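As structure tokens, here come the structures.
Here chain A shows up in two complexes: once beside chain B, once beside chain C.
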Partner chain A sequence: MQKVTVITVLILCWAFNPMHAQQPGRLGGNMEMNFQSYSPDSAIGADTVRERVAIQSFANLIYNRGNLEVGARYEIYGPPLTGIDVDYEGHGIAHRYLTYRHDLIELTAGHFYEQFGSGLTLRSYREWALGYDNAIDGLRVRIKPGRGITLTGVAGRHRNYWRSSPGIIRGVDGQVHVNRLLPFLEESKTIIMVGGSFVSRFQEDRSLIYKIPENVGIYSARADVIRGGLRFSGEYASKINDPSAVNGFIYKPGEAFLAELMYTRRGMGITLTGKRMDNMSFKSDYNATGIPLEINYLPPLSPQHSWELANVYPYATQPNGEMGLLGSIYYMFPRNSTLGGKYGTRLTVDYSRIHDIHREAPTDTTTVGQPGTLGYTSDFFKTGDKLFFRELSIGLEKRINPKWKVDLKYMNTLYDPLIKGDAGHDLVRANIAIAAIYFTFMPGHSLKAELQSLTTDQGELHEKDYSAGDWAMVLLEYNHGGYFLNVRDLYNHRNPSAGIDALHYLSFAAGVTRGAHRLALSWGRQREGISCVGGVCRPEPAASGFGITLTSNF
Partner chain B sequence: MNLCKNIIIPAATVLLLALLLTRCDKIDPPYLEDVYFEPADTSRTVLVEKFTGHLCPNCPEAAAEAHQLKDIYGHNLIIISVHAGFFSRTQSAPYDSDYTTSAGDALDNHFGFQSYPIGLVSRQKPGGQYRMNVAEWSYYVDSLANDPPAAMLDLNISFNASTRQTDITVNGSFLKDLPGDYNLAIVITEDSIISAQKNNNPQLGDTPDIDPYVHLHMLRTAVNGTWGEHLITAPRKDQPIPEKTYSYTLKDQWEESNCMVIAYIYRYDDACGTELEVIQAAQQAIQ
Partner chain C sequence: MKRLLLILLPVMLVFPVIPQDTGLPSVTVTDLNGVPVDFSQLHNDGNPVILSFWATWCTPCLREMNAIAEVYEQWQEETGVLFIAVSIDDSRTRSRVLPLINSNYWDYDFFLDPNHDLKRAMNVNLIPHTFLLNGDMEVVWQHTSYSEGMEVKMYEMIRKLSAGESLDED
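Our next item is the complex of A and B:
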């Protein structure tokens, strides 16, 4: 850490050196601060938090001058909010880098985020709300050797809380815009882009029991074809043997296929996405479990929702195997039509279905998934017996007049609790209905009312599950001139778990937004559940207390 | 020239990819290492403290790993299963038994574990952290078991079946000059407790519940407190371990023939508890 601080200070000294005063630069950044107090609340399963309060915050500083950019981020977790990994506890400069940009080359030394293609081989990113940061600390070179060609090379180690990953990541990616590369296609109405990448991890074999490959590689090929409103994109990736704690130390190679067909025109859009993932977890530490240290990213195949009760049963990507389809349609009934009315009506329909992959024992003497074996064989085109997730959602957005607007949503969800790690439980069938009504009663003053309902068919549960059962939610929010004030009651009116009675989760929130700054205060109960972003999920413990969130860009 | 630029550079890239591909390590069967351990005349005994709970569905995997290691290292490995934290809460039957202990809770709080299963291997702190994922245990167990020991620890037990009083005597000697302060901790564990256990791995039993499940090495109590008591400061080579004696009356519900007494000496940095390495451990059956 001391070395990091010295390097950062040197970079900042250079950046602010008065010798460079004739070339004025630009300093910018952003920050966020989250504060939460915790009161024990046995009724909702909120345990005592020893520290009573948690605070976590970051500040990014980025300085640009000419072709150079330097940046650093200071983070403090004292301690982190509940649900965020306690290994973050501490403070310091978690991220620092220097980037040089030119027409032909871009060079970054230090921490950086990067994605190859759709991320099947490499994606490093940060999600503050999840407590996820797998920035690579190393070197990145991006060159543009010719028209339409971009080559990227990376090498380094992942950030692992306040340490570095044990594995070293090396990768190259090439992206070719075919129309720019080949002059005779320059005027073509069909746009073609192709790409490929290769990433490998080196980690010392320290297993006593298994023969661990020290160099594990993953490669992919991808293509994007666009013509008018039609777009096809697809990527295939393959990984060699990578026994790990996630896959139970099996040696089967992994593979992934992702394809998307999209058609859009004014007022309408149709998207069909299919994917198959087989043993595709790839981490910079073969011993690691959970969400940290992912080298690659497996995109989710379920619609993302922002409504509270639509997220009680969120889908989490199953890295050991899944295959499924997602179809999405939106259609805007035109203005002044029977269904469109004066302002038009937007209809959205999403259908998602995700199965386990097919698996068979590799030999007569081993079982499926047996550690220290190939693990299984799998037919690429066959689904497994297990249905992980199925969801149909229908949404309608309608402005009735200049003052009134309505959003309606209905969802029918089938959810296997195995998704969140609870094997052997019955499938949950949930029906969710949501209505949001927006009313602008005078210029600058508006009200929002949300009514949500979730019902399930769950039978009696032995264990306590504070997310289970039937829910209702009412939210009222007033907005004026950047201020907001809301009150929300989330009501678990039937919980099949033994020992949990009907419970109200009452909360109040208020805040103000001024330009690029936002302050929000909250008080009340937060339900136990799962928090997901892009198919990556972490448990969210119940909490009761007072919260402050401050965000600012400068 | 453009052709060269547009053809040769992509070709070079493909070549680079091909070169990188050759660096992958393909492993052919058999995938398992031939593992054996030959203890020296005086060996270091490794202590694995496995943090678990009956509601933890991934914990049977950790128990299986611990047993695999126990098969290899025998007397040179001692396992303590600490039931503590979120996954050890009691619920309706069959999860209505409370296996937590005040010592286990204190250790769990001290080390700040959040996700289970997790463990400590002789309270080593590689990379600055105590917690070790299950898959990391074997490496550290092996490297420590092959370390020359810093102390010899003798443990003598006397059990009175009528009063259930257990008299424990600890002595031995140091084999190296050592810096710092050292504590001696004595705990009692019990094997073969039949109860339910959550499970996610069909390889290891029924899902979601293995019932009955045989819980092994369960921490029952810390005889001389969670952190034990101060033993010695800066011991010298060949210096005897100050003899310590303890008496403890076993609870009626504990089956004495399944109970073990475990003693361990560990570095105790009183300032902030940052150095807690266990330098030697010993165990003895009560009967």
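Our next item is the complex of A and C:
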């Protein structure tokens, strides 16, 4: 509350600053409200929710005047939707900041989001839909001391629901656009950018068993090189010993390597990405597990899918160790060619393969992963025996004529249920086929139909797994003048779990969009699954009931 | 906290305010070659601008951009409108942005906002989110979501803006 008072006083002083009395400033914001009612539905594994209804909402306000910006976000969870962490329950000002900008310097006091490089050393961000917010509450300074150079310094603690993280985060980052810094390279056909960062966490050692390093540092170096259609981008990061609940309190240093090679020109592109992560979880609390309090960001290597049944087996980064490759091809069969037809046909092919890393016991007397020891040694270039994930996906997009358009997708996925936390299960092999058809039958009136199928080779399961087995989905949607209406049937026509019969998940949705205001209503069943945005995934329990989502921007 | 107040208070009273050049927030994004760009400095020589937030994994965004691509040349000739597309892909999907643009033959002005700084500053909730800006780069209309045919309505407004007529909101 004290902080809020301070910010208010500061805003008032600045508002009455006689030097800019003639400027009114600019006020804007946005909000979202999610409401869901829960009916017990034992058939789909939806438990009774004691509160019967959940409602969560936020409202953001940003006020700009000249080079000053102040912002605050109010959040309320009464209680949060199922699947969102219950620790959010409550309400209050979850986010407030003040930013001053000048040509040379930008200063933020309060909450802020920041990313260094690709995020291997530091990334704070927010995904409302997942209940993810690791904003840093502290101070950030960004300086542009010369053309092409940006330096950033941060210090503060993570937001931890309605509290702060026990660990303090301090970090610096430098990014140099070499061609802009050095005038003689300005006209060069080769563009070079380099950067580096160092981040450290301080947390008091309160362990009764282990001696925990109180200052843990992580550093990285990165480079981007562009020449014509050819691009390379790479980052290497290393972390000193950081025994934590995530790595099982081992003392091995961590390292991460991410490299991307791309060739692209009009009509096509090829990319190859390689990645190796070894003991790279870095949190602002060494005792924390799960999603919250991540200081760094370890991007998953598989493509992100937007179709329902393509997300039954989503990959999530294994922070304790993984290595893999992703190759992608993008190609447009030109217009007026055999395969291109009148409008061209777009093809996307992705192949990704992710293994565990190789691990060996560090000495004769310790085992791999033994707490309180080095844990293991690992050969950088050797893959582990375990295959976590392999996926081939082929997509085709084709406009047939001004009225009809078709998207087709085929995926073949091999998935270790360990990725979603179910150790000791067989690999799942899934074949997924998707067709989306768009039909504009009158100007402003359009229909969308989605047909999706997922089949697996899963044999009988002894535990109940509501996402297992074979699925089919039909969705029909009508759009006109900002209104939409859809009906969806998701059909689990074979579930190998004992005690789960074939099940329909029927749902209806309708909504209206007016400018930047959107109201959507839904009713029906939602399947149990994993919801992923960016690199973060969270389990989403099954639910049955009525939902309202209101989003607005003002 | 009190110390912070004592330090910042005189600063707040003295700091001059530099007038904003445009109606857009002063947030740094990068172009496709990594060159940092202050978003508030963008302009289209007094002509209207479409500003759209998108991502490689957002299928309605891609449908909107493809639909406008079909008519963009004609729109530009008639009204001088510029389409600015800001990708919010993070480091997971960032490498998909450029090949996707090229394989679709899109000719828009592209920027990257990987940690959503501009998205937050523009108060964007969901994507696709499309803003229409007048020649002074002030937001005159905005819309979230996309369905087939929506670009027709948008073009009516662009034509009005270009002709200096007022927009009648729905």
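Criterion: the second predicted complex is superposed on the first by the 533 of 554 C-alpha atoms of A that agree within 3 Å, B and C clash if a C-alpha of one lies under 4 Å from a C-alpha of the other, contacts with A are read in each partner's own complex, and residues count from 1 in each chain.
Quick note on the criterion: contacts are C-beta pairs under 8 Å (C-beta built on N, C-alpha and C of every residue); 3 or more make two chains touch, one makes a residue touch a chain.
What you are looking at is a predicted structure, and each value in this text was computed from that prediction instead of being measured.
**Student:** Of the partners chain B and chain C, which touch A:T273 in the superposed model: first, second, both, neither?
**Tutor:** second
**Student:** For A:T367, select first, second, both or neither according to whether it touches chain B, chain C, the two together, or no partner.
**Tutor:** first
**Student:** Scan A:A498 for contacts with chain B and chain C and give back first, second, both or neither.
**Tutor:** First partner only, chain B.
**Student:** Looking at the overlay, does A:R346 come into contact with chain B only (first), chain C only (second), both, or neither?
**Tutor:** A:R346: touches chain C, not chain B.
**Student:** Tell me which partner A:D422 touches in the superposition: chain B (first), chain C (second), both or neither.
**Tutor:** First partner only, chain B.
**Student:** Quick check for you: in the superposed arrangement, does A:Y219 touch first (chain B), second (chain C), both or neither?
**Tutor:** Touch status of A:Y219: first partner only.
**Student:** Decide which partner touches more residues of chain A, taking chain B and chain C as the two options.
**Tutor:** Greater contact footprint in residues on chain A: C.
**Student:** Examine A:F333 and indicate which partner it touches, taking first as chain B and second as chain C; both and neither are also allowed.
**Tutor:** The answer is neither, since A:F333 touches no partner chain.
**Student:** Looking at A:Y74, would you say it contacts chain B, chain C, both, or neither? Reply first, second, both or neither.
**Tutor:** Neither partner.
**Student:** After overlaying the two complexes on chain A, where does the chain B footprint on chain A coincide with the chain C footprint?
**Tutor:** After superposing on chain A, no chain A residue contacts both chain B and chain C.
**Student:** Mind pulling up the chain A residues that touch chain C in the complex?
**Tutor:** Against chain C, chain A makes touches at 2-3, 6, 9-10, 13-14, 17, 19-20, 23, 26, 28-30, 32, 60, 62, 64-69, 100-102, 109, 113-115, 118-119, 123, 125-126, 150, 177, 180, 191, 193, 224, 226, 231, 233, 260, 262, 264-271, 273, 297, 299-300, 303-306, 328, 330-332, 344, 346, 348, 399, 405, 407, 436, 438, 440, 443-446, 479-480, 482, 484, 513-518, 534-535, 551-554.
**Student:** Provide the residue numbers of chain A that touch chain B in the complex, in ascending order.
**Tutor:** These residues of chain A touch chain B: 47, 50, 85-87, 89, 145-147, 149, 151, 163, 170, 172, 174, 176, 181, 196, 198, 200, 206-217, 219, 240-241, 243-245, 248-249, 251, 286-290, 367, 369-374, 418, 421-425, 462-464, 498-499.
**Student:** Hey, which residues of chain C end up touching chain A in the complex?
**Tutor:** 1-2, 4-5, 8-9, 12-20, 23, 25-26, 28, 33-36, 56-59, 63, 66, 90-96, 98-100, 102-105, 114-117, 120-121, 123-126, 129, 141-145, 147-149, 152, 169-170
**Student:** Can you tell me which positions in chain B touch chain A when the two form their complex?
**Tutor:** Where chain B meets chain A, its residues are 2, 5-6, 9-10, 13, 16-17, 20-21, 23-27, 29-33, 35, 55, 57-58, 68, 72, 86, 89, 91-95, 109, 112, 114-115, 127-129, 131, 133-136, 138-139, 141-142, 198-203, 206-209.
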